[in-house]
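One structure is given below, represented as structure tokens, and several questions about it will come after.
To keep things simple, chains are lettered A, B, C and D as they appear, and every chain counts its residues starting from 1.
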Amino acid sequence: MLTWNIISKPRLKRPIVVEGLPGIGNVGKVAAEYLIEKLKAKKFAELYSDHYPYHVFVNDDDTVDLPKNEFYYHKGRKRDVIIITGDIQSMTPHGHYEIVEGMLSLVRKLGARTVFTLGGFGVNPLPKVPKVVGAVTDAKLKKKYRKYGIKFESGERVGIIIGASGLLLGVGKLRGMKGMCLMGETLNRQMFTDTKSAKQVLIVLSKLLGISVDMKSLEERSKEMEKAIRKAQEIEAKLLEKARKGEDLRYIG
Amino acid sequence: MLTWNIISKPRLKRPIVVEGLPGIGNVGKVAAEYLIEKLKAKKFAELYSDHYPYHVFVNDDDTVDLPKNEFYYHKGRKRDVIIITGDIQSMTPHGHYEIVEGMLSLVRKLGARTVFTLGGFGVNPLPKVPKVVGAVTDAKLKKKYRKYGIKFESGERVGIIIGASGLLLGVGKLRGMKGMCLMGETLNRQMFTDTKSAKQVLIVLSKLLGISVDMKSLEERSKEMEKAIRKAQEIEAKLLEKARKGEDLRYIG
Amino acid sequence: MLTWNIISKPRLKRPIVVEGLPGIGNVGKVAAEYLIEKLKAKKFAELYSDHYPYHVFVNDDDTVDLPKNEFYYHKGRKRDVIIITGDIQSMTPHGHYEIVEGMLSLVRKLGARTVFTLGGFGVNPLPKVPKVVGAVTDAKLKKKYRKYGIKFESGERVGIIIGASGLLLGVGKLRGMKGMCLMGETLNRQMFTDTKSAKQVLIVLSKLLGISVDMKSLEERSKEMEKAIRKAQEIEAKLLEKARKGEDLRYIG
Amino acid sequence: MLTWNIISKPRLKRPIVVEGLPGIGNVGKVAAEYLIEKLKAKKFAELYSDHYPYHVFVNDDDTVDLPKNEFYYHKGRKRDVIIITGDIQSMTPHGHYEIVEGMLSLVRKLGARTVFTLGGFGVNPLPKVPKVVGAVTDAKLKKKYRKYGIKFESGERVGIIIGASGLLLGVGKLRGMKGMCLMGETLNRQMFTDTKSAKQVLIVLSKLLGISVDMKSLEERSKEMEKAIRKAQEIEAKLLEKARKGEDLRYIG
């Protein structure tokens, strides 16, 4: 079940969708959130679902909020951008499909036909400058996008792409969308925020979108981001640990 | 799926909802049940669901009952109170959302716009007098409620609030409700009933509700409560143990 | 989802429902199946469901059959009897509720208002003659049924009754039915068929139903039953073992 | 939920359905895919479902595709053939039933009343020439099919048949279909592709269908098939391992 909170109905010109949700190294989420901030993108919708975890987050100011996904837009010179981010992904297998169908339905109504999904790609050891590896809905797109510095090595190196970053392309293809997943190399089993990898993904993405994004503050502010995300990940780890031990999951101190 | 047994349809004046269901130290459940007893609150509804465990409880008199949640009301001088308690919480992730939506729909029809959820909050070591930590739907409520002895430290100390105590606030907020979760400090991984913590929560709650509750018998009667709840928890532990071992779950001796 | 195969629509006078499905020591299933055979009860319905396991059983003659529950009737002198048995119980938690609601709906249409559910109750050590322990929908029934040799000790000894044997009483109560669960003592963690316990349950049940059942062949034939049920249980054990190890579950040799 | 992509609506004469999906030794999948290739069968439908895994596969050319099942047809001299194959089976228990009901509905509309399902059957040690063991919807079919070299030993040797190969027969029987499961002996806990077993199954199947299939290239090409399937299986194994450890499942490198 999806519950939408529609804040406004923007009129957009040929918008491109960018998705960055939690995942390995939180590469996609960090890139998407930084983009929102630098572009001063406006939030126009929130998505709640019973496929998300059955808890509230407690914010720094002692208020609580349900887990949610958020939709922002930015008015570009030639084309507009829709950015999807959020706290979590679906907890249930079929929930991923329902949520992605809902997302696609919304962005299609706003005129979007192209989607770029952002994520991390686990490697070991980590190179000095992480590469950005691409996977596409249509082989012809490789020619078009190769000039932006994307390595098309996913066929050899990536087996599957899980969750929204994969399904937005796979289901989108069935719904007449085209797109690409940009995966920044990050350390295998990366638990914490990899802003370095997110930066590489953003460099490629900003070229793709034809916008300029000031990258200066991304590395500086990596530490506070890391702290916040580490907190969330420790909670998740505790929950999973408790779930495995069959313990009471009701409160986490 | 929810199955309601509506016993009566009380007319209530601006009722405040209080929820206390099983959780760490059973702080919320004990507080809610003691309040029901001391206020001689009347049961007006029962909620059954296929999200609850697929067993019956055997009572002391050899009769059986399905797991359920129960709804009571108390007529106050200025405002009335609705109290929600019960044996269990949802077994399925999305069941939590369906049950909370159902609860909110019922209490909203009765005029409720404020909800206080009660629970425990695991700490180690346990202080002599457990503190009561609060989390709110709206930061402005902190100013209003601070005078009742609530510590607004949940932003630093609590990551998430799981189950009905969290979702009644989170989903309630989306449905125009406001409220607070009162969490009594209790020992981490507390398996048994913590009446001491429940007492602290009740002291705060009775001030909030503007009612006086005789606390004398709460500690005296802690032992029999503890016995009953321990029995339930041992059964749950056996079930979980069996489930983990992949054993037959059909009968528990 | 339930799929009914209705073979015939018997006209029954005040029928009593007897349920015996797989469980500890298969006490209920053995008792129900023996009763069907001795009474030459007629099958009138089969129930299939996607809550049952997603496999077929291979029979001795190399044919395959879906898991199912079966419904038989017997025309008694004063009252008729409906007997419910089958290969399996629901695999999913909420499936138990859906199946029990479906069963109750069917038997209620046929005029049934009383249900006796049969099962095992794990003890250690096992007494020479297993006792039959009862749990009821209404405390008044204890007085009525005590004379048939039922021990009403379930309030002290049994925490919960899981699956159809519990839910048929618990949900049935909500739907205006009354009834009792008869639990034969059997060895704790009993993996194999306990015909001795099933015999004790049948002795009590036949008195309750006012019918005479020839018990002679029950123990004699215990060995072949045991073999068949052991086969099924070994398969289940393998499946569970494989599931725990995360192995491929598609074929079992 | 099922999503069909109907490519064409072939007119078929009394088509026989052949199903081969992933399973032990991938015997069924290899046999079905080889048959499609040798018969130059035409794809006429694709099935997508939220019961399939929530990821996309990355192909060798860096494009992505949702997991799916595929439907092919071949025009035979006397009778036509429908072949069902695909990447995966349902991830959820009840999904197996929904998918099989959908498959049966499609092939029944095309006139099919007979289904042959293909799979592996784990043994240890593996004989030099794997036997093909059969299980049928109706005991009379054994007489008809024994001449094709099928061993009807499944009653003694096979407990259950899991997934589409079992349910297409079990559910099919309820819907008026008849059929047989052909299981090639393969090594117990076989992780890799067993083309030798698939060949034996194909020899039997081609006789059953009255067609001739050139087997030469099957063993030659076993190595590249094995490589591709090993890749898929390693990914699955990683996913299961991660799931068991409660790790982040979002990206697999």
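Keep in mind that, in the parts below, a residue touches a chain if its C-beta (ideal position, glycine included) is under 8 Å from a C-beta of that chain, and two chains touch if they have at least 3 such contacts.
Since we're looking at a predicted model, the values are computed, not measured.
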Same-site or different-site touching of chain A by its copy chain D, using the half cut: different
Rotation angle (°) superposing Cα atoms of chain B on chain C, nearest 5: 90
CA centroid of chain C to CA centroid of chain D, Å: 36
Chain A and chain C: spacing of chain centres that average the CA atoms, whole Å: 51
Where chain A touches two or more other chains, by residue: none
Every chain pair meeting the contact rule: A-B, A-D, B-C, C-D
Parts of chain A lying in touch with chain B, wherever the complex brings them together: 1, 3, 5, 48, 50-51, 53-66, 91-92, 231-232, 234-235, 246-253
Touching residues (chain side chain D, partner chain C) in the complex: 22-24, 89-90, 93-94, 96-98, 119-124, 134-139, 142, 152-163, 165-167, 169-171, 173-174, 181, 183, 188-189, 237, 240-241, 243-244
